[in-house]
Every structure is written in C-alpha cells, then in structure tokens.
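Multiple structures are listed underneath, in structure tokens.
Two complexes follow with subunit A in common, the first pairing it with subunit B and the second with subunit C.
Presenting the complex of A and B:
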C-alpha cells in the first residue's frame, strides 16, 4: 500500500501510548497459554478454525441467523417479538403488502405508505444514479487533467464523504430553511421566497442533490483510480494522430474506464435503494410522504409507529433484499461478461 | 494562499497554450470549491452567531454583535449607535434609554452632551464577535457530554474488537490451507451483500435475546465482524513472505505468537486503514443506533443531534454549534489521514 511510512524502529522513552499498550500486550501473552494447548490438541493447520471462530460467531449471530429469522418473521403475524409466540400466517403479510388496485398508483394500495416508499425510492434512485455517474465522471476527468493544486481540489470534492449523514442533512437544512442563505440569495436577486422543504417537488430535488453532494467524492475517487490506471502512451499515440479530444474520450477513455463505471453504477444503485439517513433527517420523509423511502417505511413500521408491526416490516425487508440480490447479480453478470 | 491561487490561475497544460478545456476545468473546479466548502463554512460562521443574529434576514456573512461602550456615570455598558442628528451630521452615540420612538443618547467621550434622536435615525454599530456561549451552554444544559462520551466509547471499543477479530479471520484465511476454507470465503463474501437495512428486525430480536436493548453493546456488537475488514487485511497478508512464517515455526513459535508478534506488526498499514474506516463507520452510524437506542442516556452523538433537531426547532444556535462539534473529529481525521482513506477506498472500492 503506497503512502504508508514504516514505523520508527526505536523509541528513546516509553511514551504514553506504550504504557496504555502494556495491558494489551500482557493480555496477548496470557492468551498464548490456552492457544498453545489448543495447538497441541488440534495441530498447526487446524488452528485456522480457532482464528476464524470469533468472526464466524459474530457473522452467524448478527447476519446468518437474522436472514433466517427475517423470513420467519415475514410469514408470522401478531405484535410479539419472539418467533415462538407469533402465529403462522403464511403469505399473509406479503398478500397485505401487495394488495393493490394498481401498482402505479400508491393510493389504491392497502399499505399505501409502502408503495409510496417504493415509488419515491425508484424516482430518487433513478435520478440520483444518472446525475451521480455523470457528475463524478466529469469531476474525475477534470481532476485527472494536468492542473495545479490537484491534491487540494481532490480533497475538496472528497471531504463530504466522511461527514455523518446527520451533519450533512443539518448543514443543508440550515441553508434551505425559510430564512436561510439560499432564500436570502434568491430574494437579493429579486426572486420570491421558496419553501424548499415544504413543496414536494423541491423536497425531492434537494434530497437527491444533498445525497449527491455527500457521496460524489467516493465515486469520483473510484473513477479517478480507473483513469490513472490507463497507460499514458495510449494518449500519446492519439495525440500524434491529432485526434480531437472528445474523440479520444469517447473511443479510448470511456471503454477503458468501463469496468470502473460498472462498479460505480451498481454501487450507486445499491446505495440508492437503501437511502435513509440523510433524507430522513433533512425532510423526515415529508412533506406528507413526498420523500418517504422504503427503508424509512421499514424502520417506522417496525420501531417507531404506535403499533410495532415486525411481520410487515420483515416482509418489506425481504422484498428489498430480493431487489438488492438482483442488483448484485447484475453486477456479477456485467463484470463476468467483461472478463470473458 | 494568494501565490498558490495566482499560480493555479496562470498555469496551463503546456507553456504558452490555453486550450478552452483548461478554462472550463478551472471554472468547474472553482464552482466546486464554493459548492462543497461553502455550506460547511456557512455552518461554521453561523454557529458563532447569537440567537438574535441567526434570526436576522437577510443574514450577515460574519457573526456580528452590537458594540457596547462603558460610559462614565452609567453602571451598565451602553449599546452604541451611529445616529444622524438634526443638522445632518452622523455621530457615534451610546443609547441610555428608549422612550417610545425617541432614544435618549449620550456622547461616549463626553457624557455631559445629551441628545434625543428618533429611533429610525439611528443604526446599530456592530463588530465581529463570536458567540462562544453557543458551544459552552449546551454542555451544561443538555446531555451533550454524555452523547459525546457514548459515541467515543462505541467508536473506540467497536474499532478494537473489529481489528482483533477481523485480523484473526484474515490471518486464518491467508496463512492456512484447511477444509472448508472456500466455504468460509464464500460466507464472508455473502455477508458483504447483506446490509443491516434488510435484517433490522431480526438483529433487533437477537439483541433483545441477549438483553442488550438500550445498551451501547447493542450498537457495538452487530457490526463488529466486517467483511470489508477481513478482505482488506487478507489482501495485505497474502503479500507477506511465507518463509517468514516457516522460519518462525522452526523457532518453535506458537501459531498465536506468529499471528500476534510477526503478522500483526507487518500488517500495520492495512490495520491503520481499517481502523480509520471503522472509526468513520462507527462515529457516523445512524439507522441501527436509532432503532436500538430509545433512552436518552444511551444516545450517541448522531442520535442525540437528530433528537435535538426535532426539539430545538427554535434554537438553531445550539443545534449548529453541536453539529460543528460532531464534525470536528471527522475534520481532524480528514486533514491528517486523507491519504490513508483515499488509497484504502481506491484499493478496495469500499467505504
């Protein structure tokens, strides 16, 4: 890994860090005794299981078991949390979830919030992915040019990635509020005040905008890594032939960048479908249900509504899980085809 | 800064030739700086304004407060105004009191000179002033320190656990040949595809079974085994020379000693990247803590901030200052460790 300096070999005096490390080192020494005993019993190679065990215990408790339990939840009903106390209802939860007059019109559905969530998430993801890919591609291409202060500009686009969703949402809420900076600017230019988070169309626009603002740097970085991996002699050959820049971009850069673009598109899709935190803090899903996403529906159905409906939430999660599986399959298929 | 800027502005692709794309690129980048940095800078400036300053519309750029002067003969400092007198001159006067639409004012340098000025003919004199009480007051009035402590605890403990168990698993999957290795690899890859969003309810059940609801351990444990971490570390450990491990075995080192004394120190760069990632994940985590923490005393900073933004609708001055405090550790990590993070992301394609 480049850019990592080796640790200094000697330290003159034990620093505070070293003192704090002593119980740690001691603990590891003590652990060595039972480990040696295990090694005598199991043999060298089978120690692998011992090393693997803690991680696998965590995985099974918090990932594998929950996958199974999720399905059990989704086919049982009632308000109880423990599966043994929940009556079996078969496909009842799914039937309830999918009971719709027309899938294109959420208001005809029995569980209309779920379908509004689906519709919103779809709209959000579609517009967000398109804008995200175009913007991060543009930014990566610009940052890959021979420009001064490249490190600075790269940092500028990247830093929001590290901010917490709550912070991101609050930063923008402060700008977008009724008497915020943006409205001051609009009024200063002779326009009229817009209630950005109260008008449904605007709320959705800003949800997409803020999430692009927050995550663009991450995708730019992946594309930039791809651009920098393209050998420069290819470009020199094109320059020799006096090929116009746009043509070089379309014929050389884009095809060579394709694998990274696939990664970006699919990752943006997978993340987009799971959008929750920024939008939740920014708009609370509102106005009304204008920016309610599927994950927010799941969260509220299971945890924050008056009646906690774990079965329905689990059924909705299974549906979301299937969508994510399909998207992951798409990624695998696309990257396979490229490899072949 | 000035010289860098002018150098940036005067540089070009090749000496003597400005292509229009260069101009477009710099324009784009400058707009980018405003759009990306602007909002955070605005937050920082706003967080130092007084409550009255925040309500002002249109807002001022810098945090300003009315200047006050101590005038002989008056126990309290008096607010300073620029008053336009009847003869048309403008003078800086201190207001003693206001009676209806008329203000009674004195010259601060000569308190014996008194004036009566209609209130619409005086403008407050303001100076740059940081309302630091926005930062100090919430510390006493709300459970803010508690949230901060909870967040630090979760971040530190979770990162330590993650580093330990992930590096152990990565060690097993890179150094040994054993039955079921492929299955274990597939299981690890599989978990990469299962985000917490789709197993929210059952993980809640598991945590309840362990009696951990409303405990910080409920936040720490479920995310401790990260597939990203196992991958990152395994990728790095595979580059270590196998002879090294063989040599250690010759010297009768136990497997645990090889892991702890030889492989771990050599994996430090990758461990550092994972540590930074883990710190960011944990510090910023939102959905799961929101689901599992319902009591104020166990709130993390993010959950506390979210709860506040509902309660403190009218108290933006506290909210903005607390947002800044939440942002600061991230800013420090970014400034010092940006290179680690970007190479980490570029190498793994994950975050």
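Presenting the complex of A and C:
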C-alpha cells in the first residue's frame, strides 16, 4: 500500500502469549468479514445497536420478560402456572390486597399479613436508615482521621460486607438464641436470660442491628471516599478563617459530602425495603409476624404456603416495584437538584 | 498590619531536615517574597508562619508576641492558596463572608466589608456566582478578597499565580502590586517565579535547601548576588558562570581560552586562585575587536522580536547565552567574538562566595 511502511521482520521466536493469541486472531478474522458487510449495509450509527444487542437479549430474557410475566400474573387468578391457563381477573388481586378497614391497622385488612409486612418493613427501614446513616457517617469521619491502625480498622468495618447474608444471620442467631453466646455472657454476669429472638421488640431491634452490622461497612466506604475527595486545603482555608470545628463540619463537610449522603440514604432505603434473607434466616419473620417483611410475604404467598397464590404475590411484587421506582426517582431528583 | 520576626526557625519531618535555622525580620507594611527552587522550604516556612505546620525549633514573633503553639485560627493572619481553596458550594459573597461570620460580626458590617472588597477587586457583578462559574483569575481574586475582608495582620500568599495562564499571571501580578499600594498591609509571598519576585517585592528572600542564601531588594539581589546560587537563580536568561583562574594582577583566564582577560580584581586574590566569572547575557557585546574576551560558535538563535538570544559554545565551557537588543541576522554556526562589560561582571571564589572589586 503506498505511504505505509512494511512492518519490520523479526527473527525472534514467537512467545507463548503469541501462540495463545492465534485462535483469538483467527476468530476476529472470521467475525471481521460479516461485521464489515453488516456495517456497509446498516451504516456506522446503526452498527452501535448491533453491539448492544447481545446484552439487550439477556436483559429482555432475564429481567424484562419476568417483569412482564409478573404483571400478567398479577391480573390473573387461579393456581395454574402457565399464563395462558390463568383466568383474567383485572385489578382483583390488587383490590384484595388493598381491601382494608383502616390502612393503619393491619388486622382490619383482608390480607393482613401483607399489611403487617408493610408496617414492619416501614419500621425496619426507617430505623435502619436513620441509624445506618448516622453510624456510617460517624465511622467514616473517625476512620478519616489520622489515627493509629487506620487501615486495620477500615478493613474490620468493611469485613462483614464480604459475608453472605445467610452467614451473617447464622452467626448472629448463634449469638442471640436462647442458649447463645450473649445469654451465656448475661447469665455469667449474674443476669437473667433474655429471649432476644422470641420477644417481638427485641426481635425487631436485632433484625435492624444485624442488618446495620452487615452493611454499614459498605456505606462507610462510600462516605469515606466522599470525605477523602474533599480537598485538604479547604480545611486549611477554614482554619485560617478561624472556623470553629462544629461549623467546619456543618457548613463545609456535610454540604460537600451531600452527594455521597444521598447515595447512602437512597441505597439504604432501597435495600431496607427489599430486606428478606437476613431477617428470614435470623427470625423467620417471627415471633408471629413481628419481623415479617414484604418480600418474605411475597415469597411465602407464592411458594411456601399450602395454597400457592402466584397472582396475589405478583400483585404485591408490583406494588413493591412501584415503591422502589419512586425511591430511585427520588434519588435521581435529589442528585440532579444538587448537581444543578 | 504587623511586623514579623523569625528567630532560628528549624523544621524536620522525622530525619529529614527541611529548614536549618531561618532568621528574618519583616517590617510593618513590607512586601517580602520568598523565592527559591522546588523543595527549598519556602512553602513550609510560609505554612509555619501561618500556623498550618508546627515549628520544630525557633521563635515566631508577631508584633513582639510569640505565636509558637498558637493555632492558625488565632494568629489573625490570612492566606491565599495556590489552589484558591474556595468553598465550592458557597457563592462568592458567602466565601468572603464566611470568616466574618466566624468573627461574629453583624449582617450589615459583613455586607459592607464584602461589598467594599468586591468593588476593589472588580467582583461586584459576580457576588452571587459559585466558584465553578468563575474564570481562574476571578477565582484568585475571590481568594484575595476572602483575605482582604478580614483585615488581617499579615497576608500570606502561597504561589497564588501558579495556576493562571501567562497573560492572566501578568495582569494579576500588576493587580496585586496595585493592591499592596492601596491597602498597604504586610505581605509575604512565596513563588518559584523570579519575575514575580523581582516585580512585586520590597525585599526578596532567596532560599535554597532550607537556608537563606540572600536577603535584599530586587535590584540588590540582581546586581550584587551574594553567591553563585543566587547569581544563577535570579535573572532570566540566567547569568553565564565561567570557571577560570587568576593569572596575574588584574588578569584572569577562563576555561581553555589561550588569552588573558584584563579586569580589575578584588584584593586578596593571588595568582593561580580558582575563580568563577559571572557575566549576565545582557552584559556581553558582540565585537569585531581583536582583543575580544571570548569567541563562541552559535548553536541556536532565538528571535523574540524586541530582543534576540544567542546560544553559543566554546571548548571547555558550558553553553554561553548572549542577549542582544533588537533583531540580529546571525545564523547557527556563526563565529562570534564577545566582549564583557567591565562595569557589570561578578567574581566568585572557589567556595562560591561573591568577591567584590574595590
């Protein structure tokens, strides 16, 4: 080709990496010709969609299609599994779910377990988010200070995040059960045994506590990254401006950390609403329905009750999905308002 | 406004000694520039004065009162940072008002002070803007405004113009000089740019490796450098430093040059003493005379329009720089004869100390 210098010939023997690369190069050559033909036919712009297609197929198959099927299930009734065999009931499942004397009193609802799940999830999420944000913030601020063993403590706080939720729940169950580690300690100190997972108040407290313990490291990490992104010279300027420490925190650190705080609050909210595995393994939703969450309700309604009510479970999932969409919208709105 | 006295200031980080005993008096209302190459300790010294770094040894006196151990917030000084360090989420007004709110001043007083400073710095139209909506020069003016409103005892500037482009740097430099004339505060300014040092300072403090090499007015430091380091550091293009030897009364020989150069020598020099001759590029003339001091072959010619820089070499010496006014027609490879002006050369002894002719 004119204007192109030929590659210098090498006498060195090709390395093992070069040999391993041969199939890859061959495969690329084989793909090359049809792709070029396709690009000529479609043009460069439309070619982008060809590259997006594989992931779109997976998304459609495993995310979008189940959502559609779920919505179809929620407007159909009966025990049949295949949508074509299920009779259309319109908004019947939703009407059943929302049939309540008073929404503030689950016992007046026809599907009282759903509303107990809503109430429990709300209590769980509200207390968990507030405590999680405050504790993560405090931990991040402390771990951002020049303290001895900072790296060690950062690892210690992050470690629970690496554990599976089931493992977390089992560890704490072992600690909290009737003859668990904590009660052994209390009795050893002369106290009386407390039924942590049997008394409703304690069960909810420990559900929240264990969830915070398991996930706080992740949120602390987000806030720590935010704190470290604040330039140190801003704090030096504040020092030169004779700013009291509390004012530095309130007027500089918090506003500059706000984007990270939004992420933490909304992620914690979404995770709280979705909570299932940890609480299910720790308390089984009990005692009674004291720690029954919405997702557990959906799971049990669809799969573990004697009568498997797919339609009702699907309707509850759609309601949960709408709530999660609203929360995500809230996050986007807050982030955009801050960015503007 | 205040005067500052530094007594034997030392600073170490572990085993690394950064400052080796700095003594300095700065008078009330004086504009002093710390200049030196990277790593010489000039910014550390400024931060020690500010209170942002602890001093390892020594005494810092502001208006006669020791401030060692006094936190930065209680020293009553203001600092302008290289990165501006503006509060990004606050408007220009709030940036300037923040320190005043800390001082507990009333709304009206704060408003008055901020607007006065904004007017002085031509920022009135930008008071509601956030820093990200300002240009680099405007941000730097906000940083200066933030310092001015507090009416501090001493202004500290840490390479404030480094982040600006060349044109803006010149403009802001002039504004700073005018500002000092207007408000007249004691100002300490750190830079590695000798042009800023020469144009802004009442006095320059030249630092190297944690030690003061020379203190003096800009022209003093330029005309009478105390040693080889200062001679080489101050002046652009830098001074030609030519190693040589005394070969007779009032005669030296440089490099491998065969002939002697006749020039008045200070007392105390003897035949065979090693010396370094310093000649600034503007103090060399191209001559046609046979008794030229040096002959070079041109390696490079830089035409700047108003002046021309000639870079040439001769065996046994480092590259020689010659500055010529106006435009010249010399080409690369031309052989040039140079004459050193006898009223403007510098001599340094073997230890690098300046020798003064009688």
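Note that the second predicted complex is superposed on the first by the 287 of 340 C-alpha atoms of A that agree within 3 Å, B and C clash if a C-alpha of one lies under 4 Å from a C-alpha of the other, contacts with A are read in each partner's own complex, and residues count from 1 in each chain.
The rule we apply is simple: a contact is a pair of C-beta atoms (placed from the backbone, for glycine too) under 8 Å apart; a residue touches a chain by one contact, two chains touch by 3 or more.
None of the values given here were measured: they were computed from a predicted structure.
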Fit or clash - subunit C, subunit B, common subunit A: fit
Which of subunit B and subunit C A:223 touches, first, second, both or neither: neither
Partner chain in contact with A:212 - subunit B first, subunit C second, else both or neither: neither
Which partner, subunit B or subunit C, touches more subunit A residues: B
Which superposed partner A:137 touches (first subunit B, second subunit C, both, neither): neither
Contacts of A:293 with subunit B and subunit C, given as first, second, both or neither: neither
Which superposed partner A:269 touches (first subunit B, second subunit C, both, neither): neither
Partner chain in contact with A:147 - subunit B first, subunit C second, else both or neither: first
Three-chain overlay, closest Cα atoms of subunit B and subunit C, distance in Å: 8
Intersection of subunit A interface sets (partners subunit B, subunit C): none
Subunit C residues within the subunit A interface of the complex: 50-52, 71-74, 77-79, 81, 83, 85-89, 98-99, 102-103, 146, 150
Contact footprint of subunit B on subunit A as seen in their complex: 1-4, 7, 28, 31-32, 35-36, 39, 44-52, 54-56, 58-59, 61-70, 73, 81-83, 138-139, 142, 145-149, 153-167, 170-175, 179-181, 184, 187-188, 213, 218, 221-222, 224-225, 245, 263, 267, 274, 276-277, 281, 295, 298-299, 302-303, 310, 313-314, 317-318, 320-321, 324-325, 328
Complex contact set, residues of subunit A against subunit C: 231, 233-234, 236-244, 247, 251-252, 255-256
In the complex with subunit A, residue positions of subunit B that touch it: 4, 7-8, 11, 13, 21-22, 25-26, 28-29, 32-33, 35-37, 39-40, 42-43, 46, 55, 57-59, 164-166, 168-169, 171-173, 175-178, 181, 184, 187-188, 191, 193-195, 197-206, 208, 221-225, 230, 236, 249, 254-257, 259-260, 268-270, 272-273, 280, 283-284, 286-287, 290-291, 302, 305-306, 309, 316, 319-320, 323, 326-327, 330, 333-334, 338-347, 349, 351
